[in-house]
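Taking it in order: structure first as structure tokens, then the write-up.
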Amino acid sequence: MAASKLAVGVLGASGYTGAELLRFLGQHDGLRVEVLTGDRMAGKEIAEVFPHLGPQRLPRLVKIEDVDFADLDIVFCCLPHGTTQEVLRDLPHNVKIVDLSADFRLYDPKLYAEVYGHSHKAVDLQKEAVYGLTEHYREKVKATRLVANPGCYTTTCELPLIPLLADELIERDPIVIDAKSGVSGAGRSVKENLLFNEVLDGFSAYGVGNHRHAPEIDQCLGDFASGEIKVTFTPHLVPMVRGIFATIYVRLKPGVLVPDLQERLEESYRDEPFVHVLPPKSLPSTKHVRGSNHCLISVHPDRIEGRAILLAVTDNLVKGASGQALQNMNVMMGLPETMGLTMGPMFP
Amino acid sequence: MAASKLAVGVLGASGYTGAELLRFLGQHDGLRVEVLTGDRMAGKEIAEVFPHLGPQRLPRLVKIEDVDFADLDIVFCCLPHGTTQEVLRDLPHNVKIVDLSADFRLYDPKLYAEVYGHSHKAVDLQKEAVYGLTEHYREKVKATRLVANPGCYTTTCELPLIPLLADELIERDPIVIDAKSGVSGAGRSVKENLLFNEVLDGFSAYGVGNHRHAPEIDQCLGDFASGEIKVTFTPHLVPMVRGIFATIYVRLKPGVLVPDLQERLEESYRDEPFVHVLPPKSLPSTKHVRGSNHCLISVHPDRIEGRAILLAVTDNLVKGASGQALQNMNVMMGLPETMGLTMGPMFP
Amino acid sequence: MAASKLAVGVLGASGYTGAELLRFLGQHDGLRVEVLTGDRMAGKEIAEVFPHLGPQRLPRLVKIEDVDFADLDIVFCCLPHGTTQEVLRDLPHNVKIVDLSADFRLYDPKLYAEVYGHSHKAVDLQKEAVYGLTEHYREKVKATRLVANPGCYTTTCELPLIPLLADELIERDPIVIDAKSGVSGAGRSVKENLLFNEVLDGFSAYGVGNHRHAPEIDQCLGDFASGEIKVTFTPHLVPMVRGIFATIYVRLKPGVLVPDLQERLEESYRDEPFVHVLPPKSLPSTKHVRGSNHCLISVHPDRIEGRAILLAVTDNLVKGASGQALQNMNVMMGLPETMGLTMGPMFP
Amino acid sequence: MAASKLAVGVLGASGYTGAELLRFLGQHDGLRVEVLTGDRMAGKEIAEVFPHLGPQRLPRLVKIEDVDFADLDIVFCCLPHGTTQEVLRDLPHNVKIVDLSADFRLYDPKLYAEVYGHSHKAVDLQKEAVYGLTEHYREKVKATRLVANPGCYTTTCELPLIPLLADELIERDPIVIDAKSGVSGAGRSVKENLLFNEVLDGFSAYGVGNHRHAPEIDQCLGDFASGEIKVTFTPHLVPMVRGIFATIYVRLKPGVLVPDLQERLEESYRDEPFVHVLPPKSLPSTKHVRGSNHCLISVHPDRIEGRAILLAVTDNLVKGASGQALQNMNVMMGLPETMGLTMGPMFP
């Protein structure tokens, strides 16, 4: 290993986003994984927690308080929201951070407190945070030392909407987002409603009318729209492991036609390696992106004139979490943006 | 078997709705299955087509042209649309019919031709047909000899909307229906996109902006609303076998509140054996109705004032097809409406 | 309800076998469910624990110590092994019992202690217990007041083997049983390895070389064989909810041919309503019995002469648990054996 | 692209093994894909056949007769058995071949004719073929120009058995192999029994007593054993997309103990990058290798002395097909054996 490789730490390596990140880090030539934390699992080999990682050579899990952060160039934080704000606040300044939790996504600590039910513990650090929807905040990501990696629902909903709102091709209201997620979006939580027997061959909604991702979407879309945004957002649980599917109902501005939306989106994403606008009448499936960092988007006329339906798919653990995190790290570190992320989707 | 038992024929017994109907007919004390047709399978035992029906004593499959309809009291037609209009037209008048196809659902033969791509071949019979959403057309079903059994999507969408439109609690536009179906909704068609490998762990949409069920929904809702209806309707394919889940976005009329919707729906369905309005904040799952004739409905406030979200679930093969067909037969024949349909959902 | 209906109690109604039992009890005309217990859930409506049971009218859950057993005719015990031996021991003598746990299956309390890791707490009651593999212990079941309902694996393995061993058509060793189970066999336990994300699209073995069901199989087969039996038994976890599939490798006694096995099994089960021997070359699927009390059996020649392969399938929650329990109750109470159990499999 | 990159052709790119091969070829730095054939799909972009490959830059599909083989260094043949023997026979001699079909696996054309039902059409080429179970035929693979890539079942069964038979630690009879496969093992065939609705939540066996892979296993094991081998082999269909699980029942030679098997296997595979012997009591899952070229093996004592149970898992599309094909190509071409194959399993 060359001395010039980046030293990487992964906080919370015993969850699904941690594991998925390690899968991609193993394909990245420019770094070495030096530290893995997993509090309840400290002392164990990663193979005891994730047998599929056994063949990959990785350090033993340690407690977060036993990490010497001074030796690290970059830290990925894969822990649940609200648990590491103070840890990240106190890191040495030379360490760059990609935080996969929701902790630094909302600009306003008051809104954070409202949505997450406790006050923010690192308000100053919040000011430094850049929202890491790479394609639209790339220049800011390059310049920051803390990226707040977006959520999986939010990434999938924002990518098709931003260019259309930025160009005022669609109305700011109503925007109805009917979103569907695979079960891995809930993490490795051991809960009755996530048991195989409870999930297979069933479909349900949750967080109807008040899901935590809605304010994040409002904020991000507001960054590009000509005024405030408040979306209708309903998440659903699909009996599949991976994938986010967003069905988005929008209204065209007067004089705008559906092909205008298509054209605008194609233009926006023509040179993007991970965002692909499909030809008219194409129907994306989450299965077409599973295991990859891709997002597919399609545009459809509604049967009612002046209305359109946008479809977008991602893998919630990749473009919706660990893949985008690595993409952001590449940008922060001045590496090629696709490094470690070139493996295509696994199908079937 | 008593001589007074109804003699039943099932046309198209080799498809999923045929099989599901036979499962319920086997529990019904007031009838005997005398005829099963299955054109490509004629001459075979049903166990060769559906091994799970082996233990049930059933007649051998025959061709439709070999059936002596004069001996039958009731015929269920489980064939694809467009294939049996002439057969049904020419049946003896004493035979009652429940048609599970789309053939007689649309009142206007011109609309039928437009939606299904060929002219209607039994226009006169169409005039006799009653739309069999039992809870709302019960009196007409009692009086007719031909029931057009509603589609699975349509049943699930109409049940929550009819009482609210009838009482003018919600606006007639926009009504955005984001619907999700299990794969059995596509029947036993042998197509690449329905293969296990193509479906598992994936989610997709189809018929976006122009699905055939939309005009059926418009028509039925129009029967109860104060004016014409045109809904936005997007169907999706869920990697599960059974179940329809409808997420319906509506606007309240000025002065109406979400609890008013709840109350109105509870009132409407209080005495219905198969439609259940859940308490506020409940979240129905398709798994709670799988294998049964039940429909569950819940009502939720949107995060945007003046808007509400309705959820409804059914089993597409039961309340969305064969169960409702038997319910309609019971009504037509003056039998107790729940006869043969009392088995609860299979969970897990 | 007629006064003559049996009064039934279900202990442990908040698990899967409890729920499945209630589904079938709801179809049984000769009884009424008077008591449901669920210790952690006491005070709740069953719909809070199992929403799918909401439409069925059932009593509220109570604690086991609050039950007045004197009013009951029959008690089904759906609790984990080792938890209710003392409760059952102290029941009034007029109450009949079907115990679905493993508590009373092994004749020898010493063997029980060895296999289950604690001493038996109702040794006297053990002496009264009858092993409830209905088809082969029917006369004893009729006469007893305590049935030890067999396990799901054991039922599925014993049905094909008993007639062949009884008639000395196959060797007593080796008998290699490679068994596969759906995930509901593990009950509603909230464990990481039973999460949807961990199970879907994976297959694994467990209890290799030492599963608790093996001694139960040895004992039961020994009841019919000409000497002691010790089987090789490997259970596997299939990514499906319901179903047991047993692949059984046996050796023919000298002079015996595969068709002799077929004939013997057909003879044994010709008049049984729930056990079906398929024609030669048939391939049973667990999906052909799902949701029903049926067992399907087929017989196949191995590619090596003198050896045969037996296949058998059941639904672990029905013939492997609650269905057989109700079948045993019917026998104990002198009711028709199929009462409440006539609903066919749910397919697809 | 450097001129020194190998020019690769893939015959039959429209099947699952073709698609999976392309996924891995996209990660390989030493080659470029020049030709894709797909007869019924000729003229189409690969994205029309496999949308998930859209983002990967690949040539358009052509007919096999339109390929100029002279420009290619290596050809992967992903077509069904019996379809390309003559094509491969007539290739220019400088082109190396990895054939993923069963066409060149059996040494004896008479046995081939018996098993596959038609005479072999390239008997001379058969003589050149090397069986490509890389770990055990590596030197021969290096020297040949035609590799017959092993089947998925066979790879998974042979890896654990070869070292034990070679060292005479286990008896040559009985060897009972109870094997389980994901549905992708059947390819992209559009058949009723492979429909989602027919497969989900069901488990079944097929080819009982006479599957085509059994003679291939006999032959390969015979290459290493002290005498002829005839295994008992039963394949099963698991409701999952990917994965082979083999449960293998063996007898120890007198004096041999289970830890001897463990030790011998560890020794054999210590330096292999893709074959991993797990510590005693470990339980491999197909999910631990899904999407990767790994094989995991574990060894267990049976409850009957002198007998052992071996477990082995692979991904049928990777180590059981396209991954091993690329591994063989690397060996044939003198490249690092793991090139393009380093991506770890996808979990969950």
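All chains are identified by letter, namely A, B, C and D, in their written order; residue positions are counted from 1 within each chain.
The working rule: a contact is a pair of C-beta atoms (placed from the backbone, for glycine too) under 8 Å apart; a residue touches a chain by one contact, two chains touch by 3 or more.
Treat the numbers as computed from the prediction; the structure is a model and nothing was measured.
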{"item": "Selected pair, greater C-beta contact count between A-B and A-C", "value": "A-B"}
{"item": "Subunit A and subunit C, separation of their C-alpha mean positions in angstrom", "value": "46"}
{"item": "Rounded Å distance, subunit B centre to subunit C centre (Cα mean)", "value": "36"}
{"item": "Gap in Å, rounded to a whole number, between the CA centres of subunit B and subunit A", "value": "39"}
{"item": "Junction residues of subunit A, two or more chains touched", "value": "16, 184, 197-198, 200-201, 239-242, 284-285, 287-288, 290, 348"}
{"item": "Chain contact graph, described as a line, ring, star, complete graph or other shape", "value": "complete"}
{"item": "Complex interface listing, subunit C residues touching subunit D", "value": "173-174, 176, 178, 180, 182, 197-198, 200-206, 208-210, 214, 230, 232-234, 236, 238-243, 245, 247, 249, 283-288, 290, 300-304, 307, 309, 311, 313, 348"}
{"item": "Residue numbers on subunit B that touch subunit D, as the complex places them", "value": "16, 183-184, 188, 190-192, 194-201, 239-241"}
{"item": "Touching residues on subunit C, where the partner in the complex is subunit B", "value": "16, 19, 22-23, 26-27, 50-56, 184, 200-201, 241-242, 273, 276, 282, 284-285, 287-292, 294, 296, 342-348"}
